[in-house]
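Heads up, the thing below is written out as structure tokens.
Chain lettering (A, B, C, D, E and F) follows the sequence in which the chains are written, and residue indices restart at 1 in each chain.
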């Protein structure tokens, strides 16, 4: 396994400077944002695809650093009921695939997206309950009329560009958010659909990351290292379905944290050990979204705990049994 | 406290027969459905309000049994984006209030309802996450343009009919589903807005029923006794946001159960003791929605555990301290 | 084992009436108060010892009921720094011993008492910490100058009257309150000093009743069935050292409860099973001190759970191993 | 589901008397011992198979009681390395099959047995660890040379007599003791090999009964209701691999208990609910092996908790969803 | 937040040497003892206040090191019933305030003290139970006649010297030991009364440090980093009210430990994160009172875990939401 | 305490090279294999005892490194029913004792061994259950005819060579595997029989390492630092009696791990603290048997966590109490 980073923690720095900083910390891979919600501060596929010189220079910047790009990321909602937004997100994703192709990268990380309740909807409708039966009707429309058709088409395009790992982050607010929704889409679309495993979205929903890894095994295509902390005092009163802004930390039932601040070293060791058990040996990108801690301090702490917990080298033979 | 029943467990029996059955089991109060999702099998306000003889006969049936009506229930979605549906649900609720007035009952039990994403929506959109900010926009519309205006108006009408306890069930799929949504609506509308406390919807969301009771104290207007069982094997893999139909029991992450089958006697004793601590001394209606157990067997078991766990008589003096 | 009762739950009824009530409920033994804090409503040794006819009548009342007296109880503080109080408590205890002798009862239940900080103190000083060393000095005085001398003398007197089981309740506010204080006094005084095992005082202190039974084995002379409920919300903020009056239930960190309301059937089954393992086969007195529940309702619930959990009959042979 | 009983709890009574006692308690089915370790006190197949009149009388005794035989049981070790013992156990099992055939019973309950370390062994060798590799060699011999051949042959015989449910109790000391050993034998032999599910052997090994039921689903052929209590104080020091005689209760790390004394009602409700989920609707035999409690008292308590926890009637329709 | 130290860990070294040692380890603040139980090895206010040159030299020693004084500490019992002792402790505290004034320090750390049972008492009487009512009488005297008057006066004096943060350590053996006692005194005296938050005294009492921080929020004026380890084996038998000397480690129910040896990194991260949530950004003084570990080794381990767990830098903006 | 190593992690390197590697990592003691299952790669007593020059050179290699030999290890099965094997293992053990004598080492580490079921057995029979009584017969033979005689003799020999600490590893597959088997052998043989405490074998059996240390106190002669991870998903279905090869990691119910990967720092700190409490101040040998992690990476992680958790220096005086 390799220690990676979601590069937009330093989106206010030029890419070369960011890469140098990461490299000094012992980070081995980077995941670069190419559009969607997180923007294109470091990598703008439109420009790179249009300008071979710029592309070469970009490649040179990365290659010379010794870092490797683990995936291009493009987290949007390409099935947003607002047609204009959807079109823009889709265009970003298409460009990410094209750029990946140019860079010989076979993996993109993204969201499944979330549709509205009908073709006339204005906003996504993330269904999380099964009654009254309104919700089952919405799901029927969303899956059969929107989600599966979209991804069948997109996976085909991606495959044709050599991108055969579409790593969907199981994420609240989007239609693929747990093991069964991932498997349903993968079964309907094909093996291009896999997972960008980020346990910070699973724990507060009551999933056990280890159980999810054992369930999804071969479909794990990429991994994020982000932590989540459930606040038991707030959850006791309000439950874990929290719609307050992420900045209202003291009142929320859960918040994102730097790894090690939501769950302990033991939790991360178990995740990394299970990744080894199921044969995953790729990148694990640190994603900093901890509003309580300084980003540089947070990154240093995250790298430290990654080095403590990850299994970086190849296994040795068993001489004792 | 009194042992009550949600009467629709015997909706296929005439009311008199149902009441007699309940009475024999030691049940003291009934909660009668007057419309909404659960229908009007036992009580149709339209007819009763239109026919004084029918109404007298109805009163006589109830009074002669020794049972007391704890509340009229009318669980619908009066703010459904489908205008026709909303109108029908609202009409049912209005009739429930009028009938309550005729019967000198001050409490109705119902749902807050759930609006769509905008005036043009077709289905309710139950928001359970705060990002992307689509969801905060939906909430802003739903609360300010729909929910608060509707209930401000309805509470005023109810009050004018002597119904000053609108006991909303904190229920998934509807906008008031936890402590803070209840408090927000109560603060906006007034003390008519309270709670029909049913812990079966709280536990799988991660709330602690005791903590919720301590938080909401005086706004507890009615209580349901229904249990919920989280399936730890399914939840480990899929989390607790389950959109599969209630009948797919073996695969769901949680299902409703007869009391005592989701949580033990200790849990129910703690709930009843806390109700006493906060001064609640009304009805606790058994609601049978357990698809694994025969309804008569389930009801017998429920009554038995209620008698074991509830605090029925008045407190004695402390002679020992 | 036998189902017993601390009779003062019906101290406002004549003894005969109380006994009849107990008998109808299936209670087998009674523990009768003869002074101390709980008073002498049912049994006044002064009078009985002075009047053989009265004594005969008393014996007749008990014997004819089929109930057996498990112990005479006299819970006071005979080493109170207020000399007058101490004298009165001591006199009560002495009378209890004399009456026990008359009735051929070998067991009394009581407290160890608690001394003051010095001969000039006005109130007891219950030491629960070891620093600053003031507290160790107080303990040194209390044990060596007061507690051990008092009980050495009292045990000798009791023994001479055939009362060789002085069952001290391990109780907060008194000097013998846990296993090591009991063992220290027993080692210093002799085997007359044993335990009236009441787990309601042990649990909130962090003791495990089963561990205490295993530790004290042969010194268990009598048993009380009273429950305690820790309030985790209050304890989280204030800890379990609670000096608020027992009537301030909603704010206290723990309160006494009817058995089954503090801990579940499993807990009581484990206690009764451990009593059998260590060879105890005597009375288990229900002591009602639950201010949330009606005393008659509480007693009925307590007897029901006792019958469910106790091991009443003799063991059978093992035919299967 | 039906409340059943392992009849040898009353092996010292004539069968008719035992049956009458069971019937009065509300027991619906009986499991009758026909040899093996538990003997033939109630049913001796040799005699019954040899004497049609005796057999008729036996049938009459059972039928007239209203009780139904759920299974014939014959718990021995037919692959014991002591040839003589093995032969006797095998003969008993064969007779049980023949008698079952006569009685139109399709189920027998038994053990898999345990072989020795080699053909020359004198005692069974129950392998529970994988190193040093001695143990893997023993397992290889036991499974391939003894266990699979024996059961292949026996299952064929049983099938030819209409006994197509061989319900093996997963039991320590015998080679089939957990899910994977059961599945290995079933895969090798055929669907006649199934489980007599008795959770008392699973819990102390660290299995979760619910997980085992979910794993083995269709192979559950019969169920025992017996409880086990782990002693945490002894286990902390000695672990759960306990070789002390079952009568040394105070020192053992676990002992068998009457149901409800090892695990609470909640545990049994979960087991019965899971049995319903996986479609089991047969007998659940109470097996009394609790050396701390009188057998009659134990049986009464067991029946009471079975009635409280089992799902006896058929499910009702869901009217609420 | 800043890593601090209670300086008396090196009380046998000259102050300058101690400071140098602390500075090399990365410690940023010091808390200096000025009397009370811990003595005046490093700082004797009497001498410093009397000699401007000495004071200047002292200031110079501290300032030149780069360390900052977070508070002056003076932990005594100024309401000890022994008048002489009380006077001495009070004098120390007064001097600490005066010296703080000279040094422009606004915070002192101390104890509330504990009174006796009456004016004639010889030793403090720390009340931890509410019955028999002796204890309520003692509390009434202690709070109304001693504690509140003393601190009303002292707070006034402190304020007049610019010391407006009197950080009381919630400590066993003294009258302010949990949230409600702190709030009671603060309500009676004024906002000068706050907390020196040391979780090592809270955990064994059953408090949750996070709950206490959320309860006391703005009154947290200073923080100690000391850990406590509950011994579950001893506590099971004797409870957590332990009066054995701190040196009897193997038999005590709890002992003080170096941070990380009583509770894990996760616990400390949660404390530091909650301090940030409630807005505390001051010093956190490591206090070494671990008798199992060498003081230098203990200090190194403590500093290491502080650096791992504390949030030292300012928060960054949220760019991701 | 000292950080030690079981040297065979580098058995493919010459001893001098291995020692140098260990020394650089901060390791202080080595435990050298002299035969048995682990072989003699580094130390062959036959050769060393036969050749004084070789022995001197060996001593020189060790001494010059600054490392100290904590024990010679020889882990075999000297009571194996295969006479030839037993003889060889015994010979290795005897040589280990002789070499220890030459090196002035008083401790050897080994296994108790496991006998067969009778003199004619071919393989060891590790008894882990008490019924059917076959198993008690096997135990009777094994203990009285084999185990106790063997060790009585061996201990006498060892003592005569100055080796008075025979540290048996409580290990599955061998007759001494928990506290009571160790105490039984020690009671029968003498104080030479003690423990090489390796918690990795205790935890999956349900023992608590701290409880075992408190139970065995003075008989702890050596310590291994190896971790074990229970897989709760596999254990739920198959229990912890796992006979699958150690290399089938994903399916096993438990596997050995590098310290910190089975249990957290808190667990190891508690073990080291308890070792200090019971007066152990010797070596703690890291034993690497983690098949998921590279051996060098594993060793680095193990040393790091040892340094974090062990108590290396002498205790300081308590100045604070």
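The rule is simple: a residue touches a chain if its C-beta (ideal position, glycine included) is under 8 Å from a C-beta of that chain, and two chains touch if they have at least 3 such contacts.
In this text, all values refer to a predicted model and were calculated from it rather than measured experimentally.
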| item | value |
| --- | --- |
| Between chain D and its twin chain E, rotation from the CA superposition, multiple of 5 degrees | 180 |
| Equivalent interface positions on chain D and chain F, same or different at half | same |
| Per Cα centroids, the chain farthest from chain E | D |
| Pair in D-F, C-E or B-C that repeats B-D, with over half of contact pairs matching by residue number | B-C |
| Separation of mean Cα positions, chain E and chain B [Å, integer] | 50 |
| Inter-chain centre distance, chain A versus chain F - centres from mean C-alpha coordinates, in Å | 45 |
| For chain A paired with chain C, centre-to-centre distance based on mean C-alpha positions, whole Å | 62 |
| Shared interface positions of chain C, touching two or more other chains | 131, 211, 245-246, 264-265, 321 |
| Touching residues on chain A, where the partner in the complex is chain E | 8, 11, 38, 229, 233, 245-247, 249-250, 257, 260-261, 263-265, 289, 291-298, 301, 304 |
| Interface residues, chain D side, partner chain F - complex | 37, 77, 80, 116-118, 120-132, 134-139, 172-173, 177-180, 202, 204-208, 211-212, 215, 230, 235-246, 253 |
| Chain A to chain F touching residues, read off their complex | 210-211, 214, 264-266, 269-270, 273, 276-278, 308, 311-316, 318-321 |
